[in-house]
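Multiple structures are listed underneath, in structure tokens.
Common to both upcoming complexes is subunit A, partnered first by subunit B, then by subunit C.
Let's look at the complex of A and B:
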């Protein structure tokens, strides 16, 4: 930091009148010096790998540096790869299982906890606390809830004399089990976003509704929901982007199994890239994921721009 | 649970009951983990239902103290998270000041390009970045674990917005005294930005601490594992005979530091959630 001190640079021009429409040479130099360290890191660690990843996806490349240009072959291969198609399907399925649930439950919690009482503060803390745990801890906790051999659910079922359910080894249950774990883990963020939005709703709207003797449901539908529409859209898009990146839960809890039933796209990339070392092919799969997420991010950009207009 | 907005008493009770159930569902997995961690391993071998009743013991936690790998992982997580946090705060504050307060040609275009970086998911760069770090010999080093975190554009975005919102008058007195730009930044603007620094710092710390995917592929030597990767590895190698109670004690032990950080910095986390939206 000290090395960046630029004592002489600023002195002469600044005390005199500065014309706002032109940048002085010293200001330009100072500006570039301030942004240069970040820009260097940005280009080296984000822009360069992004571009070289696209380049790599057009090659047949392996761990040991062998590399041959193959054009779109990796992409064509992906389109015909049943496991990749299954992974795309699983990921979409997972997004459908988690995002609506997270949005609705997040909103319900925010509505219930939007008071200043001590109880709601404690509960807000409880519902958000899971979000600060790492994926490793969350999966460790939930495996001990779900495993049929001595898990919490199995114990509760045993109390009712019911048989245990093999959540993680049944092809139909594995992905929903990962989804439930994820909802438990991620519920804090949508709740917080909705709470922030609810506090922005003008109080006089509620007072007017109370004067009209509007009931709770009517107030919710006519005032609350329209006022937080933009936030709801932002929550949906953020969660779509996040949940498309499903990795740790599936990798640790099920290894994508049984029979690829819970294999998401990112785990597919991991297996191809870092276990089979088919690097060009994995890069191509990651570019497809990038396109999917980019579309969602554009939707968020449009949504937040709309919010400023409205 | 007390003062609900709606007047109907009946609905109040159903809402409170639903909320209570949700809170129970939220807390139960954590309490279950805690109970398992407090049971002797041989008691758990006979059946996990025994976790609902005493006797409880701290022997699993005592065993962790004799298990040095966990402390290595804890140390690595601390070094990496603090390193990334310090780096992000420095780079983002400097760049944020540059973008917000200084005029130079191309500034706005460069800023938009940096914002575009927010939309780049880690997955799309990770293969190429892994190749690059391999070529540079950075895997299994602190540098290898820290550098990728420094490129995140979110901090630059946050600090630029924050510096932009500050009144111009703050700097003008310093300008007139002939202070340099860096001095003005360092003495005047930076101290004013402490709340934003705290929010950005705690966010960066938490997300680095919890990162799983990059340390998983970059640190292959178990000495260089971070806590998330280390605990995941013992989880995946786990066989019932190793001691379920010990594994659960590891989970509790590994989540305590981050929960303490959460409790201390709670209000900055809330502020950060709002800023992120």
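Let's look at the complex of A and C:
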């Protein structure tokens, strides 16, 4: 290929290195003033409560005052607390049940509805509509579906002369029942995020693939999925963080039972803090939950970055 | 700068005007209660005698008080049952309501921390004498010789009986249901009932139920004089007496003599639809079931009876009981507001008969002794609760949480998820851990 003849001036212009930006004192002050409101609110609402929570977790403290420093005693108690260990297991299990399902189902729905027809617009609204409902409504609806005494599933099974399934009172089924409810409730956000990402994929890539006679599966693997991988990461990280905070569904549908089979960490924290008034212990459990979420989200992030670097 | 000063002046003027208006108007009291919300039906009603059910009667009572006392306005805040998590949060935030419904079993939690005010002097000032409380109500609201609440009622779990099905099973004599006198008789009657009717003998709310199992356990432990709370900081559940009770309920479950997998709503509907013989639920359902029994065509039509828990063990005739009461959270209040609170308490005391139409036992001896209370349906059948109702010792704190823990573990044992002895050991350990870690 013939080299382009670039004028000398142009070459000079290209190699000119811009001086690093240096701010004057007044510019620095203006910059700090500019970010000060955000920093103040950030420190007040996030940094201070975080540090305060850590400090509280090192105390034997009551909801109505009175506390003494006990060091790591609350953490040691938690490690020996069977109910807390079960809550941690339940929560991780719940995340495993819901996050992959939400990601895959969200992507599948987005792929199916990524068209400009009127029906797809209606269906997008329909699938997203569950997300705007409150947890109370969602759990009421699903209790009516799942209860073995006159629930929708029980009635359908009765038509087939099959016995009702005790979704909410069987220790093996309670957590999956809460997970199904949650997937139905939360599917809207991943779907919308994936839809937004799909609409950013350049059309000419698909046209090129079509010209190369690439099939649907090949186009999905080679063009669509690589193009939306950052969104997929965002969806997974958001959902991991959200689902680790399971509370309302378990509180209303099962009260964490039976036999603590569906007790999540946040419900455990709530019970310890507000029913036992033992807020030092509850704060310690909260810090452990914070660490679990942080590790899980960072692991996702780092694993994804590693693949990109590779 | 001038603009900012002007803005401050404007805001200050508006606030001052607002304060002035408030002080010249009626005294506003915030009343926080459970018992549900029914404003659509009773929001404008002041006819207490026409109201039905807990929600209807309490809503109408407050409406009536507001109508009769124009210088006071009671603002009602309805909380999800039982509402103590919300109350605790409000107290911790320093923003409590003026008057709150509280179970008598919960009073110790708050009184020992000085979170609710003793009411002796205030009640005396409006002519309410604690000597008029029933013994059960007095024991329920007094702590350390001081009155911490105005009692509203006492309640207990009862055996609500479908007499029509009992007749089919041959378990009615002289128009009264036959009650078992020991666990063996209970099992025999339950089998007889199920054999004759094809339906379970017991209807129980078992799903999402934080306290029913524990109340059954307490009742039958009391009947065995088991002394399971000899010390308010330690429970003892790894005993033959507790094992016997769990074994009995497990056997009823295993043999299909009880309903399974029903929550409160489903269990209530099952009883109303005639799907079982005995529904284990509290005094508050008497009115609703009696009403159903008056409806022609209802499965309960002409066939509803209600009795206290049968005495299955010989040591003592006792039923675990609790009660509803009104407490005043500790806060700075004006004398005007304090006087208004006690006028409202006096009004509630004066209307205890109206409240007792819910089915709960009145908290005042004079009401129980009155002919009009005795004339209410089924009250004669449950009147012996006045003597047999037995709460836990008042020093036992966190009773609601304790009930929840015990119920969880009992459910595990009865439904076969844990051996009985393991469940009892776990319940004992968990409850004692709660009590050991109280500050």
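Assume the second predicted complex is superposed on the first by the 246 of 310 C-alpha atoms of A that agree within 3 Å, B and C clash if a C-alpha of one lies under 4 Å from a C-alpha of the other, contacts with A are read in each partner's own complex, and residues count from 1 in each chain.
Quick note on the criterion: a contact is a pair of C-beta atoms (placed from the backbone, for glycine too) under 8 Å apart; a residue touches a chain by one contact, two chains touch by 3 or more.
From a predicted model like this one, the values you see are computed outputs, not experimental measurements.
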item	value
Per-residue contact with subunit A, leading partner among subunit C and subunit B	B
First, second, both or neither for A:83, with subunit B first and subunit C second	second
Which of subunit B and subunit C A:225 touches, first, second, both or neither	neither
Contacts of A:274 with subunit B and subunit C, given as first, second, both or neither	both
Touching partner for A:168 - first (subunit B), second (subunit C), both, neither	second
Partner chain in contact with A:150 - subunit B first, subunit C second, else both or neither	both
First (subunit B), second (subunit C), both or neither touched by A:96	neither
Doubly contacted subunit A residues - partners subunit C and subunit B	143, 149-150, 270, 274
Parts of subunit A lying in touch with subunit B, wherever the complex brings them together	1, 4-11, 14-15, 23, 27-28, 30-35, 37-39, 41-42, 44-50, 52-53, 56, 105, 109, 112-117, 119-120, 123, 125-130, 132-137, 139-145, 149-152, 155, 158, 184, 187, 189, 192-193, 196, 206, 215-216, 231, 234, 238, 241, 245, 247-248, 252, 266, 269-270, 273-274, 279, 282-283, 286-287, 289-290, 293-294, 297-298, 301
Touch list for subunit B against partner subunit A, complex	1-8, 11, 15, 18-19, 22-23, 25-30, 32-33, 36, 44, 47-49, 52, 90-92, 94-95, 97-99, 102-105, 107, 110, 114, 117-132, 147-148, 150-151, 153, 156, 175-176, 178-186, 206, 209-210, 212-213, 217, 227-229, 231-232, 235-236, 240, 244, 247-248, 250-251, 254-255, 258-259, 261-262, 266, 269-270, 273-274, 277
Of subunit C, residues touching subunit A in the complex	84-85, 88-89, 91-92, 113, 115, 206-208, 210, 260-263, 266, 269-270, 398, 400-401, 404, 408-409, 411-412, 415, 417-418, 430, 434, 437, 439
For the subunit A and subunit C complex, residues of the former touching the latter	60-64, 66, 83, 143, 147-150, 164, 166, 168-169, 171, 253-255, 257-260, 270-271, 274-278, 281
